[in-house]
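Heads up, the next two complexes both have subunit A, just with different partners, subunit B and then subunit C.
Up next, the complex of A and B:
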């Protein structure tokens, strides 16, 4: 796809989002008198898409948006009233536009027949309901097409000349309009050959009265060209309103020249001479003409304008002006301060490339650092540490480039909530907080689907029907909140509803039915709730087409985990449910804590490290220790990864926390913090638990990045199992 | 080399016009809205022609033209505006504000270049 098309696709999506946002407001409050600017904005968005689609020559979008724009234009001009129905219809048009943009993006020449039919149906509905009465007005503007057969007046012989004659007197303000009369002449020259040109400066006042910024000039021009009259006229299009222009085609009748002479403000005799001099007329022709006119003069009465041809021309001019003026007064101009941020569009892959390079620089920097320290030269260590500080700043700045606000993603849900709620007959408000919270673009792109699922769930299962809410003494209008905020190195996104909460007993019985838990198993409330994340779980009695799409919460959780994130749920029956998603700020680079086990090196994400302690090797035969009175379960990496060599006499414990849980990781050596670029593991290793990626050390060695979340969870599962076994053992 | 200043809120239009002009040997300056353009004018940007869209968020093209014309340095600057057939009526308004002429969208590259040749020498 060429650059222009991809810019167009991106732009259209943005404009479409703007249209949708406007239409949603319009739909909710069609009678608000302050809607004028809103409608203007919607129109503008549609107009931009249409205009740009013409530029990229995507005719199916252009044709579709043309009608949509027409309707919006009428709406803008107050010719049709604002109504919820119209807004809904236009929203559907927006949906169709999304489809069309998809078609363009896929590189197809035209939409599939079914999509085409959808579009045609929408257009038909628009036409029928909102354009019908306007059809008559469309034809009024095409007056200038019929000008070819001008000046068919009678009398006088043909003047033998194969050139056009152009008389032009410029208006006084032509310079002030940014027009240069000479540029017209030059352009005329490009149409053909200018045989003769006379400058008419009769209108020039005395020097004292002359305004140097005004134009007093006119020209008589003989032009030989194959261009049509329309082409010549077009040259003067921009000054037509305020200049006098007369064009005589080659071989015009003598009377036409005479009319010309008469009509021009300058002295008749002088003009005659000019025409003769420029070669348009011969002296004989001029004399003959003047004589003939003298003979005919008594026939023309003083009241009647003498020249029919000229009247025709004048009539046309008048009509043109009428047409223009009739539509001339509109456009209420509102002085709205533009708050749009100044943006530069950059292709995403260029950014990725930059981040990649910065990543390499980080690695190279680490290597230089290492060598400097080994060399023991203080100056070298000093300068490499300055360098690495700078690299760190560059890394942060580069990552910042990829940060986008989550607001755009959130705003999509306005539409989703509205549509779904409408379908279900519920009344739901969507409240958005922290729309300006920033996170990595790649994270934003991938979080959309899981969020969509959660929001749909909340609308469908979370918020109760209005009657139920009324019964329970709740506000009939349900509320869904989307929150985003930063929290210690990660970003938190919450989807909260004030609905009925998760029905624990129902979840429990369903889980038993599905064989996820044993009937007699005792679980905490939180554990019961967490069952919804288990594969193959769905509590909806009826699979609705809103959320029951065969995609369960387990998929949501998996998607979020693949972003190195986590999801938690808290719920209170009758009060509501909150889903909390935690995500890393970026996927590319982390601050890591380097540890060693045997000869292998591992990296623990630094923001999860709480502290490091020494493991007292004596008397530790169980997998937990006493951390200032708290029980801390730990994992021996050596055992987990089945490393062959023996543990050294002294081992260390790195205490990590994740999602409210703490755990220890037993390692041999602590090697300190360093920043590192995450290199994803190839798909061959994707089934490995406990490892999130790899990185390259300054020495060139590979270190594996630990997936702390998986380790912590594994740990707590083992703990539960042993507890269960213990309690079972006690029971038997 | 002549420099053409393009003002349009549509990135597609900006890119396509500047591609055409670039091939034809013009330099281009670009702004995505009237406010940005006015800032550049206030800073004394040197251009030979301004081409602006009329319909833009914030200040529209007509207001832009009016304000540019008020600046002494740009009193005689050729200004073209982009318009569509449906906006025929706004030509008068834009002309009154000080525009030199217009380009009807969508225009072919030849139409565009011809119109530009018409207003800058």
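Up next, the complex of A and C:
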């Protein structure tokens, strides 16, 4: 697949997502007076896809989108009313377009017959319901269609574009007359949409002769509008005397463009390039024009002088690479051209490579730092510390490159919730908070599926049927919330519903039935709820095709744990359920806090460290201490990892917190901050609890990274057990 | 960076100040080294102002020097954007989050 096509595929998917988002809103509130802008946006997206599909010569998409665009155009002009039904139909069209893009991506020449039939059925429905009444008005469109077909075949006919081309050169005295050309152009924008604009400053003389109060600028503009030629001319009324204005209506003859090129004062070759760049002409059209001119040249009449052909030959031969470059940009695809100029697409693996290198640099930097400090040379220490500060900045910047907003992932669920809710006959609103929260791209990619499970579960099991909700005195419309926010070095994603909550007794009996627990086993409420994460667990009374096949929550939990994250659930019967996912911001590099026990070094993620205190030498037989009146349970790393050597006389406690819980970790030495590149442990060690990975110190030694989450959880479990025992003892 | 002249255009980039600003820009370009124009104070920009910026950029390109606009004011940024000249100036532009698409 060539590059152009792959760009087209990618961009079409983006446009499609935009379209879909717009249509969903439209479907929800068809009567909202503010819909005009929305419809415009949907139209633009559809139009862009259509235009671009023409450029990559993917005709099955072009034909399909043409009809869709026609309907949207009528919608935009208020000829047909907005309705939920129309939006649904258009959503289906969007789905079909997804299929078609898939076909293109697979490199097939045309869609499979079944898909073709789907598309035809959709088109038929569209035409019948929304285009038929305007059959008369539509002939023009279809005529245009057939003509544009001819252009493909014979060339030299009509330039396929539905926008006006305006070419304006302002006179020298415009500025002195108190007029500002830019304001005319801005006003022009109010007539319709400016698709492309090129500023021509060729007329400006050298700096010495340039009079700052004269105007030397001209513009080539592509404008999409319903306004008439007179309307466009009227914009320039004030400067009519003082400017050269040429307007080409949509679908002008190629020769008109050639005349325009010839008539304008600037270099012809440059103009050809500008026209291609602004999207008025494509290279194909230029080439076709060229061929046609050549063919016609012998018959050339007076008003078709042969030198136009020569211009084009020049154009083609001399400016070939310029034209190529301009076509390569395919500004037709890019309505958002100006913005695109500031964005570049980079392949993800290049980025990964960069991060890898930065990671190595961090390690090398740490080693240099260490050596410098050992050498005791002040200058060396100073220069390495500057270096390490820079490395730190580079690391942050490199990681920032990989950060993407989670909103895009969240927005996908609008559609999911709508579809699933519709299927189940429920009314559900999706509320999204914190869509601009950023997290690592690789995490975003992997979180999509687990989130999908959770959202589908919420729609299916969480939110009750409308009748049940009404009975319980709840709002008939259910609500699902997706929240994202940052919290101490992790990102928290919540899926909350206001449904029936998890039925504890049902879960319990199900678990007994499945042999997950014993009937007489006493479990806390939280433990019962957590049973849903056990493999092969589903409480749905009926297995629907949406969820409830019992392969859900355990997979979700596993996926999230593989991202070094955790998932919690809290639920209150009758009120709702909240799933809380915590994920590390990034997978590659962390700021660590280096500690030593015996001769081994360990790294604690710095974000989780609250403070460090010295362990009081008395009371060392207990596993908790009094931290300013709070009970702080702690873990002795020496005992936990069964290190053989004896504890030194003075030990320290690192207070860490995770997910609202605090715990202490007892270590021998505090060795300070340390940037850590996480090297995952091999699968041989994957069952080790409490260790999250390893890293290499500047000295070349290996340090283990502590999995604080596992340690804290272990701690709180032990705590709970002791509490239970204590209460049991009291009861007996 | 060594040898960078930073000039700050305090007045609006409009025809009323065009003459003076042209001189300012050309003087800066005449001196050795790259030129950085700080436009954060330029509240308004009209065609004359835009023209001057194009002139300065063109002049710098002719001389093989660097001419950069730093700290675009919103008006400058919008105008350059509107006229599709962002690539021509080739300066990094800060897009405020609430305006980005």
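Miscellaneous remarks
Going forward, the second predicted complex is superposed on the first by the 373 of 732 C-alpha atoms of A that agree within 3 Å, B and C clash if a C-alpha of one lies under 4 Å from a C-alpha of the other, contacts with A are read in each partner's own complex, and residues count from 1 in each chain.
In this text, a contact is a pair of C-beta atoms (placed from the backbone, for glycine too) under 8 Å apart; a residue touches a chain by one contact, two chains touch by 3 or more.
Predicted model, so just to flag it, every value in this text is computed and none were measured.
Once the two complexes are laid over each other on the shared chain, residue contacts for A:622 go to neither subunit B nor subunit C. Judged by the touch definition given at the top, the superposed model places A:238 against subunit B, while subunit C stays out of reach. Within the superposed three-chain model, A:226 lies out of touch with both subunit B and subunit C [touch as defined at top]. In the superposed model, A:180 lies in contact with both subunit B and subunit C. More residues of subunit A lie in contact with B than with the other chain of the pair subunit B and subunit C. Of the two partner chains, subunit B is the only one that A:8 touches; subunit C does not reach it. Of the two partner chains placed around the shared chain by superposition, subunit B is the only one that A:190 touches, whereas subunit C remains out of contact. Of the two partner chains, subunit B is the only one that A:52 touches; subunit C does not reach it. On subunit A, the surface patch touched by subunit B in one complex and by subunit C in the other comprises residues 175-176, 180, 182-183, 186, 213, 336-338, 342.
Listing the residues of subunit B that touch subunit A in their complex gives 9-13, 15-16, 19, 32-36, 55-60, 62-63, 69, 75-79, 84-86, 88-93, 95, 98-102, 105-106, 114, 117-121. Per the touch definition, subunit A reaches subunit C in the complex via residues 170, 174-176, 180-183, 185-186, 196-199, 201, 204, 207, 210, 212-213, 215-217, 219, 336-339, 341-342, 436. Subunit A makes touch with subunit B in their complex at residues 3-4, 7-8, 10-11, 41, 44, 47-48, 51-52, 54-56, 69-70, 73, 141, 175-180, 182-184, 186-187, 190, 213, 235, 237-238, 241, 323-328, 330-331, 333, 335-338, 340, 342-343, 345. Here subunit C touches subunit A in the complex through residues 15, 18-19, 21-22, 26, 46-48, 50-52, 54-55, 58-59, 79, 81-88, 93, 95, 97, 100-101, going by the rule given at the top.
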